[in-house]
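The structure follows.
First chain written, first letter: the chains are A, B, C and D, and each begins at residue 1.
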Amino acid sequence: MPLEFERPLVELEEKIRALEATAREQNLDLSDEIELLKGKLERLQREIFAGLTPWQRVQVARAPGRPTTLDVAERIFEDFYELRGDRAFADDPAIVGGLARFAGRRVVFVGHQKGRNTKENIARNFGMPHPEGYRKAMRLMDLADREGVPFLAFIDTPGAYPGVSAEERGQAWVIARSIQRMSRLRVPAVAVILGEGGSGGALAIGVGNRVLILENAWYSVISPESCAAILWRDAKEAERAAAALKLTARDLLELGVVDRIVPEPGGGAHKNPEGAIRELESALLAVLRELEGLSPEELWQDRYRKFRALGAFEES
Amino acid sequence: MAIERLFRRRRTRGEGREVPDLWIRCQACGSQLYKKDLEQNLGVCPHCGHHHRIPVEDWVRILADEGSFEAITGKVRPVDALSFVDTEPYPERLARYQQKTGRPDAIYGGRATIGGVKSVLLVMDYAFAGGSMGSVVGEEIARGAELAAREDRALVIVTASGGARMQEGALSLMQMAKTTMALEFVFQKRLPYVSILTHPTTGGVTASFATLADVILAEPDALIGFAGPRVIKQTIRQDLPEGFQRSEFLLKHGLLDAVVDRRKLKEELVRVLRLFSEDPDAA
Amino acid sequence: MAIERLFRRRRTRGEGREVPDLWIRCQACGSQLYKKDLEQNLGVCPHCGHHHRIPVEDWVRILADEGSFEAITGKVRPVDALSFVDTEPYPERLARYQQKTGRPDAIYGGRATIGGVKSVLLVMDYAFAGGSMGSVVGEEIARGAELAAREDRALVIVTASGGARMQEGALSLMQMAKTTMALEFVFQKRLPYVSILTHPTTGGVTASFATLADVILAEPDALIGFAGPRVIKQTIRQDLPEGFQRSEFLLKHGLLDAVVDRRKLKEELVRVLRLFSEDPDAA
Amino acid sequence: MPLEFERPLVELEEKIRALEATAREQNLDLSDEIELLKGKLERLQREIFAGLTPWQRVQVARAPGRPTTLDVAERIFEDFYELRGDRAFADDPAIVGGLARFAGRRVVFVGHQKGRNTKENIARNFGMPHPEGYRKAMRLMDLADREGVPFLAFIDTPGAYPGVSAEERGQAWVIARSIQRMSRLRVPAVAVILGEGGSGGALAIGVGNRVLILENAWYSVISPESCAAILWRDAKEAERAAAALKLTARDLLELGVVDRIVPEPGGGAHKNPEGAIRELESALLAVLRELEGLSPEELWQDRYRKFRALGAFEES
């Protein structure tokens, strides 16, 4: 199902497909008309996506078909091997990770994992991790440090799971610990917000030397719906909350919360995941190259300076 | 939020409001208490043991050795980086809380000795926007930790917070990373960090510096967690287990070191700090 | 113990013993199998996927690149430090197992390349006293780890063990510490250590080097745990949950990285080892 | 209830008490007779305890009244503060530990904790830890390392808990991890077997630079009962198994598994826990003094050499 603002695009796409079918069936040369329409589609796409409201971008960030961590892993790594479990309690399917080879170099990666369909989404708890997921992530941080290879984190979660099972196993404790563990990495660390960057559950694997964000992804202290429910006492004010929270890529770049925006192809990453992943691949490679000359101590310093500086206040 | 909930819950039982002047009604058991008695009990009901919220200045009086406290907070002031407007503009909200508390933001603290041990003592102020953590709280905590490391002081933080300051958006989220990383200097210098969690401590504060302490103490029956109970109830669509997210529950679940009655807190804190000191009597 | 249990369990279904010569009966589903078929399937039943135990030499054939294996074990021999006698003296027991296996003790291994990656490959021999770990197994594992560190080799250990060697008393217990500490050199040199847990791996082996690997692979349906199922049943006086302590159960409980069919094991192991190598094609 | 072989001692004690009562009530001077009997009691005690079989020592090691970890902590430390929980799943009452001051110096301690009565014993699961107990121990090892203070471990467990709840949370995994963590300590580490040293569940906190054992404690790869059940297919052969396993303090000293025996007062530590604790205190102090001159690296080397050398084999 297309998103509300995608309808004009879908209509145009259908027209193009219909013309193409006519041309084929009746053996007519309609290429001029088709080219015209395709050009129009592209312009309209650009126009619509340039003008998306923050709330519309939140919809795009959640759209089915958007690249997940495993989609990215399958496309950008020469090979990868998934490592599972926290070696203590459970394997959390909402977080994946493992060893990989990226552009010839060894890396360790981790990421939230949403399902690619409803059934898988239920199995993966909609990308909302339990404490054991973060413990798996920390285990992988240990591995990256020991092996001295870069650590890549892909963020895509509505938030850490807010349920009894998670609370009683120390959800807050483990998020704090994961932030601390990641900040202590002695290797280059890059975090990428692929889709949703929901609060502490996202930040837990977000303490990178560089933080990238896909063009239509969001990253916020709270989801627009929850924010609306608290501040306006009405979840339907999510659109206003989305705007107020300054959660879009461009806002975050301005605030210094992210370092680089990864452009999405026309129509959004969900319409062309391969294109989005190619852009991500080259952005990742570029930032890794920036970081690879730094010593473990310098990498820590760099991360410290980055996060120490975040915040806005005045001094009297 | 939590404070309203607290009052709501109590009213189902006591119905009444506080009687003015000399008397006050316990929020938990409804007993009429002499204000002076309650004060002497450090805000703990002598009948039922309920720990009432007390002003941050009282926390300093309870924990710091007499005459040892020297404030370090107050110079850092919040700004409206997002031009945030909900039911009112953020600056107006801030002004209201500043007026009410006499503080620029939700934190108060300074140098102190605690049982003779040189410390930095920071106290979160729940009366200021529910103790929410924005840039100022994050900055003051980071500076406090850095000061402790620089001057070889123990770090003691009393928390009370509904979580992150929504009106500062992602910047408030980043305070979780900032405070966590600033603690590093305290740990590297082998200085002790003790956190004291009071009712309620939730969200980004629990999920960052509050639970990274060497020793985590909590007040009895304090609500402590990541998500708030209302959100959890919505998620699981079931009633929450008895005592869920309360101190005693968390102690059993291995998440706290001790649940300590406020009337014994200073004594226990001093013991802990002295056990971290090479030569406590030379301090 | 576990091997007898295995046969006992299977008999309730198949009743028969192996048919001699060309045919063999699957221990799990009872199918009549061509011996050659079973061998080509590396001991895995083509009908039901049951992983039959295979000789340690076969493990070397399966995992080591052809012609690359060079044994390092065999010089260290067990002694009877405790003058242990149960239903027979320990030396007689040892002699029997040595005769049966042609090995001084329950371990076999050497240098090898695996998918081109320089490795030390060690395989525990369940046929020797149930793969129990005494001083010799501990010493060979420690030497293997030290050799891997010295020669920059990956460490790969295939486990099968009922636990510690009781006849060596506390000395066998100490092998848990010894093997664990010897791994340190492998980790310090950033060399990969992969363990492959086969049916059964319990007791002191599981509680030491076997579960400290960077990557833990297990064969399907292998029994892996600390205490044996009989002891646990006695403790809890209840039947054990379905699939309890089996590979798939452990994977769900976060204790393994993968459950791998033996027919795909080499391929996956090579992928893992190469992902640990700086430049696998130059190896 | 006295142990079987303690009966003659109990009879003698009763006789002495009776004489003392008589003397008091009838105002007689029976001091010569009483002294005589007391001397006899002491000789008999020495004689009986010198000749105890391994199986009898196992009984002594399990006798109610024997000093537990908290008994020791209360007597030998100037002050201590118990730290609880693994910060992840549960607080395991079968393992206790915390910060303490011992003879003026800061230490971190940990120990198995049996109950001092039946009710407490049930609450403490008879000193049989779950994985969270070992995680608490590891957390305390981290603390000792960070603070650079000695780590003391008191062992008194029939074994790690062999139940479903423990297995499904990775009992074997956590024991391995605890052995590894303790071996990596960069501070002096001393382990003391107070009573029962049951297998891996004991060794998990037993990787000390020095390992002490109380005179009547045992330490073994398996309990005599379980050993008998497996090797003789009859748990009643525990007495034979106890002898065969060489699990007594003296045997273990000979095998090099322990470094020092802490003498127990006449009649055993359960008859005179204060006396036993005093002996332990001075032994602990002595070994700590031996270790305190060593650097972190030397301490690791020392521990490595000690455990690397354990085992008996020949080379052809």
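Going forward, a contact is a pair of C-beta atoms (placed from the backbone, for glycine too) under 8 Å apart; a residue touches a chain by one contact, two chains touch by 3 or more.
On a predicted model such as this, the values are computed, not experimentally measured, just so you know.
J.: Have a look at B-D versus A-B and report the one with more C-beta pairs in contact.
T.: A-B
J.: Report, in whole Å, the distance between the mean C-alpha point of chain A and the mean C-alpha point of chain B.
T.: It comes to 33 Å between the two C-alpha centres.
J.: Express in whole angstrom the distance between the two chain centres, defined as the mean CA positions of chain A and chain C.
T.: Using C-alpha averages as centres, the distance is 41 Å.
J.: Let me have the rounded angstrom distance from the C-alpha centre of chain B over to the C-alpha centre of chain C, please.
T.: For chain B versus chain C, the centre distance works out to 53 Å.
J.: For chain A, what residues touch not just one other chain but two or more?
T.: 87-89, 169-170, 173, 177
J.: Would you mind listing the residues of chain C that make contact with two or more other chains?
T.: Residues 211, 253-255.
J.: Got a list of which chains touch which?
T.: Pairs of chains that touch one another: A-B, A-C, A-D, B-D, C-D.
J.: For chain B, which residues count as touching chain A in their complex?
T.: Residue positions touching the partner: 1, 75-79, 81-82, 84-87, 104, 134-136, 138-139, 142, 164-166, 168-178, 180-184, 202-204, 206-212, 224-227, 231-232, 235-236, 238, 240-241, 244-245, 249, 253-255.
J.: Please name which positions on chain B make contact with chain D in the complex.
T.: 187, 190, 211, 214-215, 251-258, 268, 271-272, 274-278
J.: What part of chain D is in contact with chain A in the complex they form?
T.: So the residues of chain D touching chain A come out as 87-89, 131, 135, 169-170, 173-174, 177.
J.: Under the stated contact criterion, what part of chain A meets chain B in this complex?
T.: Interface residues on the chain A side: 160-164, 166-173, 175-177, 179-180, 183-184, 199-200, 203-204, 206-207, 219-222, 226-227, 230-232, 241, 244-247, 251-252, 255, 257, 303-304, 307-308, 310-316.
J.: If we count contacts the way the header does, which residues on chain A are in touch with chain C in the complex?
T.: 79-92, 99-101, 106, 132, 136, 143, 146-148
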